[in-house]
Every structure is written in structure tokens, then in C-alpha cells.
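Before I ask anything, here is the structure I am working with.
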């Protein structure tokens, strides 16, 4: 067991998977010589060479689509999109090729591959270095979408993504890169895709979050528990296909739910979670489901007061949970 | 115009195509850009503003030269390293610094990002970070000018790295078909963040890309502000007359990291030293002193004057407050539509 | 304020009625308890009393209109703030009080099929109207509504601790807990025999009776089996005691209470005869509410003597007389004519020697009783004269087999022919 940061866990996963399977290769901007703008791929080019750690030109369409092609001939691409903000050009290839390859070819062609996407706010990144955009991919059948919140999950989910049979959009939150540290096993392990983690059990209310919002939610829970509210907390980890069972069972138990999402509210992941809870376990609800989300404005305005205002935080979560409890 | 790799000949005012005052103005803009850029770097180090800063020191001539002489209604389609274009287009210094400081007086009201300079009154489009974005949008502006039968032009700036984007090619292709009034300035500073130009394209000179789209492409010394101006002015004139676009590749170099948090350790120290010898500001000074237009005392007086201007503008921005948090709700839509507000 | 007059519950399984006539015209002043309107159902005619003082403002439906229970039929102007009447649906067949046929065969027949096993054992069932009424009246969340239905809770009994008094899940769970500790006496349950105070006068319903009869006759495949009882022993017992009993107890006892008891004894072996057939289920009753048809001037009514199994012959006799008097005076309550589990009709008083009575649905059997006549009977190989009573038992052939009914009737006759074996236990 060693204490590692979230980003170190990612580097480890890449390193170990490249050691394990020579079909695994990396492609992305500034990932080779530079070791990545956040240093996630530090040292990998030295170890595996420029053929397996490819510095890509500023060609996001190609980074995605080229990886799809490489996967078709049997390689295991792990592409990197430097900022989720700049994934937009790739959308064409992700949506039209990657997501639908298996389906449109009747299963005869497949593209098991991973696109790592560095995302998230609270880093002073402003309008174009803070986006997540997970909801676009969340809505796409054929894609797997994950967003870990801990070093353990970061490593385990990345390994599952690389070893799996389906295309994965692997979001990594840049605010978590160096702010969370935990002990993870030295030996090989994976974290199953599609399974949420119950971070804390409780009986009064179910809180659901993913990514950076897990930290905020845990912070809020500390306050709430002091005030006698017993919170159950679920970290979704995989956004698509999301773990309905774990969330629905929890809500059946607690009858209340607050869903926390960093991104803007409208059309977000939690809208789907909320709708499903209402559809499936309506008869167990004791209060309206509430969401704590980023503002319904472009994610996310730069000036510090606006950035703070935009993002959910522990205080906001506490207020919303209390409102729901008082209902 | 057709042949590539022109170099500056021995100076004479006639060749420059500018009056003495004009040359002085060109130089003043260059110097102002340099001084302002260095000042903003220093202020970042002092923690005077949030975010980061993209310095353009070393490549000022590539933006100042082409911009000088443009009309107010002509459009600048910048990327992230075009502080010189804003300075030269006459954007007030407190507006430029305001953008970096992201205070209330910033034209984007603190929404976007430092270095995303824009100013409607001077035709500067506030950029998105998505590289080559404004090249595409700028081409659209040119299309608009053509449809509106205006004799305005667009000058689009981008790095060589940005030319790898598919959308960039779509735009140039279109401009070639319709002979749009636009001049493309490719600032080839040899590195796109850590990626060398050799990994960006299979060609040495990015101006070659123009061939594929049926309009002229030239590669010039980007550290010669006079040459930059002259070449661009000629292309702009062509564009205004409806003769179509030009791609000007200017070889240059950024002295500092990609941003202030980049140590730029991927480059050789020698490379930097060589390029520092080609400092565009020193070269312009030499050129002007050779012509007898500039003297050292005159230069020093100018520096002092500019510094005071910058001081005053920084003062304004330092005193300015941040916007209120609720500003976040403004400008999502026109007034026709409300924005959903959640109370937390 | 405006108060909406609704059609109140009109007896079990009654879901609608017909407006006969308005007893208060628009603009009439109304005192509390004044009859407002006469409503006719297939069981009974009722006058709906006013719950408040006020003025009849508007009739919402005209006479001859068929109205559902719970429907708004008029608007009154009343003084001050009063609670609106609670509307709810009476569900004649909502699946709560039944057992599936197969399971029923195995279940002990005397088991009352109640709301939950626990309640069934105690012979109590949920007051569903109250539960639904509570759900309607109280602002509650889905889980609270679900719990209220699952645990038979009238939410109005709870004080909510949620926002503006909302009853929360926690409140309900606490209430359930508390109720457990109190046990037995559960305010949300009613005993089947509990009778409300309200007295509703009865008026003529000849047409409805006809309809009811037609419906019973044509939906139920009737079979009638006949048998005779030699009433010698009972006749001589009665002859010896009837006057004595009358002077002692003030009731002149007839044969009907004896027949009622014989039915109860015989049903021990043939429990399905005492049942109701509703939907797909046979509700086998462990109690005996015996309807005793009474002829009146121009109509027939079947008052029900409740829980005959718990009553003595005298009590039954007394109650029969009271109900008969009320029938004559048109003062029967709805509760007194509903809830029967089996019926007896006595055509003998009119002198009939035989008849094929029509079953009162949803019951499955009716016993026709006729005149006792002196007939030649063979006793110990000799022809003698004896008092003979001819019975005609009609049964619902969908659920009762012929052999079953025949044996039941024979068993019953055996009890009647040998009163000494049981008389002492029921006096």
C-alpha cells in the first residue's frame, strides 16, 4: 500500500497497462516529450518510446477518429483530450464512429478504446478550461462514461476501461489531480464499470454525486451529521450505464434524495437520475427530489466571485438537504 | 508577392511605404506591446490577478505589423497571443488590462479568460480558447463583408499548431473558393505548447498550405515589424479590392513558456538565445535609428511615457472591483429570454 | 362559504343512486339535519340530511339523475368556515376482503378474510373510506400514502411535523410504532358490527326491489332443492313453552329462531352455504347475519339479524320482532338491511306449502320456509299424522354443488327433528 494522488494513480494505470499489453498505446497533445500538460503521462515516453506515446497535432477530430481506426485493427488506443472544453471537434468521430461502430456493423467491427478527458472547474480556468460536458456523452448509447473521484477508482476504472470491450469516455477531474491522496494496493486491481460506490450509509436521506462533487458532498455530510441528519452517500463513478439499482434501493430506504452535479442543471446527468427515481420508486418518496447543480449558464464564468457562485459547495448542499428534510 | 521568403532590404522610408510619423507610430505600438506584456507577466508573478497569462514577448511584430493601418471596422480574429493586435488597433490599455484582471471594466465582464482580448468598438472579436475557432468565424465575417459589399477586411491570427485543425482547413478552403477579403497570419513560433512544428505538419513552411486552397501563401521573417507591416498591407489591399485571401506565415519565437506556468523545458537554451538575438523590438529600433528617426533619449522618453500610461491603466484596474456574482446570469441570452435562477 | 353537498355512502357495495326529489328548493333556508334530498338505491331510499345550517343555493343535478357515491349534487351557502365533505369512492370489489378460491379451499372456512392476518384474527377490518379520506384530506407524500394504505392509517389522526404540518414518513413510522404498543384498540379499524348513530328513514322502493330481484334471478343460476321436516318434537316443545316464555320474557317465540339455529349448526359441516360470492371469490363467513324477509304493505324487505351465532333464541326472536316493527314503520337503518350472509323467507305465514325463493345476491343461499301442515307420515312402520314443514332451499349453482346443498338441508332438518340434542345450549 502506498499513498498516491489521483493523477499518480492514472499514470500508474497507464504504465501498468502498457507493460501488460503491448497493444496499448497513447495519443494526445503534449503527452510525450512534455509528459502531459498536467503530467499524467510523465515518463511514459521514456519508457515506451514515441511510437506508443504519440504527441498529436492539434487535431481533435483525428485523435478520436484515428484511435477508432487503430482499434478496428486490434490496437488498444488510449487517447487524451487535453481539456474537455476542446472535445467539441471530436464529437463527430465519437458520436458517429466510436459510439455506433458495434451497432452499425452488426457487431462485426468493434472499437474497444479509451478517451481520457481532463475536465472540471474550481481551478480558475474560466469559460474554456473548466468544462466537463459529460452530459453529451451520457446521452449516447454505445458509450461508456466514467468519472472517478478517488485515486483508487481512478486507477481501477482506467484499467477496466482499457481492458474492456467497449469504447469508454474516461473523465478525470483536474481539481482532484493533486488534492486527493489515498493508499492503494500495490498489486493489480480493477474497479468494475457500472457499479456505484456507497461511500457512507445512512437512513434519513440519500445524496448522490460524482467527481469533484463527492468531496463537496462529504464535506456537507460532516455538518449534516452533526445536526443529526443521517446521510447515505453514493458516488456514481460510472455515469453510463449508471447503477440504477444501488441508487433506487437507497432511495427506497431513505425516501429522500438530493443529487449534486457540478455542471449546469438543465439536461444534466442528475435530471435523468431524478426522473428515474420518480418513475421507479415514486411510492417511496417522502419529499421532492432536489438537485444542487452548477448555474444554468455557460460553465463556467472566469471571475472568482462568479466561479464561486456557479459551483455547488458544501454550504449549498447543506441548505438544500435541510430544506428537503424539513419538507 | 508571389515568391516566398522575402527578407528586409537595407532600410529606406520609401520602401517601407510609411511616413516618418507612421513608422514612429508602428514602433510605438511595438514598444508598448512589449512593455505591457512584460508588465503583465510581472503582475501575474505578483499574484495581482487570477488565472494565467500567455505572453507574446518575442513575437510582437507579427501582430503589430499587420494590424497597424487597419480601419476601425476591419475585423481582428485573434487567438490567445494577440495582445499586440489589440494595442495597435487602439484598444485602451485599461480595457486590455481589464480583460486580464477580469474586473468590472473588462469588456467580457469577467466571463471568459485572461488574454482573450476583445473589443467591439475596435473590431476585435473576443476569442474562444478552442484553437482556430476565430479563423473560421473570421472567415465568416469576410464572407459577410463580401455579401454586404463592404470594403472591409478581416485579419485572422493563429499559431502554426492551430493549422492542424480540420475546421481551419474548411475555412481556408471556403475563402479560396469565394475570394474572401481576409488575410491569414500564421505565427509560426516553432512550438505549439510542447509540440514542435515538425510534429504538427509534414511541411516545413506552413504558407505552403495556401496552395491547396488556391491563393497566395508567403513565408516571411516575423521579427521584422516593417516587413510584417508591408507584406500584410499589400495583402490587405488585395483583399479589399476583392482579389481574395493571402496566407502569411511569419517565423518567430516566443521567449517564455506557453503560459506563465510552463517552464518550457522542452526547448534547447541555445534555440532561445539565437532567437533573442533577433528581438523584434531591438531590430525596429536599430532600423529607425539607422534612418535617423529614433534616438536613445527619444526612446527613453517614449518608454517613460508608455510606462506611465501603463501605470495609470493598471491603477484603474487595481481599483476596479470584481463583478457581482449575479453577473453570471447576464448575457446568456438577449433580454428576450430569462435565465433560470436557482436559490441555494 | 359555499358547502358542497355530496352523495354519502349508501351502504356496502352501493356505488350509485338515483335522485328521487329535492326536499329543499333553491333559496330555501336549511337547518342542520333537515332532509335535503331523497336518493334511491337498489337497496333503500334515503333522505340525505344537511350537515349544517344555511341556505340551499343550487341543485347540481335534477331528479331522475343517477349519481355516484361521493358526487357533488348541490351547493349550500353556510355561515363561517366549515370543512368540505370528504368524497371518496366506495369500491365494491377492491380485492381486500377476499381470498383466492384455491387458497380458500385450504383455509379454515370460518376464517374471516380481513385486511391482514393479524386483523383478521381479531375480526376487524380497515375502514377504507376513512383511510382514503385521510389521504385526500391531508397533504402527504407518496411514501406516506403508501404506508397509510399498507398499515390502514387515517392520516387525519396524525399530527404532522413537516412543513406547514405535513405528515412525514417519520411521523407515520412513529405512529405505527405507537399503535403497536397500544395494540388491540386501533382507531383506524372498525368492527364489522359497529353501527353508526345515524338514522335514515326508509320510503317506498318497490321498483328497486323488482330490479334487484330480476338481477339476482338472471345472473345467478338458481337451483332449489326441497325437503320435509317432521316437526313433531319441536311443535310439542313449543306448545308446552310458548305461553310461559311470553309471560316471562315478553316474546312470543316462532319457529324461525329455531330454523336460524339449525342453519348455524348445519353450516359447521357445510360452511360454503353461509357466504357471499363476489367477483371471482367466495367469501366464506364465520359469522351469521341472517336476513329474514318481511312482507310489508306493498313491498318486501329483508332485515338482517346480525351475529345469530352469538345470540340466544330469545334474543333472535326479540330482534326479529323489532326489525319487523321497524319495517312496518319504515324506520330501518341501512345497517339493518345490509351485511347478510344467508337468508330465510317465510312464505308459510301466507299459507304457502312450497316456493322457490330468489337469492339475495351476493349471498349464495336462501331458505324458503312454509306452512306446517298435518300430513300422514310413516313412523315405526305405521302411518300416522304429523306436523310437516316443507323447505325449499335455493342456492347459487355456480359455487354450490347440488349434493352439497341437499346434504346441508338434510343436516339442518336433522337438527330440527331432534331439538333435545341442542336446545339447552341456545335458549
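In order of appearance the chains are A, B and C, and numbering begins at 1 in each one.
Heads up, the rule we're going with is that a residue touches a chain if its C-beta (ideal position, glycine included) is under 8 Å from a C-beta of that chain, and two chains touch if they have at least 3 such contacts.
Keep in mind it's a predicted model, so treat the numbers as computed, not measured.
Taken as a contact graph, with one node per protein chain and an edge wherever two chains touch, the assembly forms an open path, each chain linked only to its neighbours along a line. Across every pairing of chains, the maximum count of C-beta contacts belongs to A-B. Put simply, the C-alpha centre of chain A and that of chain B have 36 angstrom between them.
Computed from the mean C-alpha positions, the centre of chain B lies at a distance of 95 Å from the centre of chain C.
The distance from the centre of chain A to the centre of chain C, each centre being the mean of the chain's C-alpha atoms, comes to 65 Å.
For chain C, residues touching at least two other chains: there are none. If you check the complex, the residues on chain A that touch chain B are 29-30, 33-34, 37, 55-62, 83, 85-86, 88-89, 124-129, 265-266, 292-293, 295-298, 301-306, 308-310, 312, 316, 319-320.
By the touch criterion given at the top, residues 141-146, 162-163, 166, 168-169 of chain C touch chain A in their complex. The touching residues of chain B, when paired with chain A in their complex, are 50-52, 102-103, 106, 109-114, 116, 128-132, 161-162, 164-167, 192-195, 199-201, 266, 322-329, 332, 339-342, 344. The residues of chain A lying in touch with chain C in their complex are 255, 282-287, 326-327.
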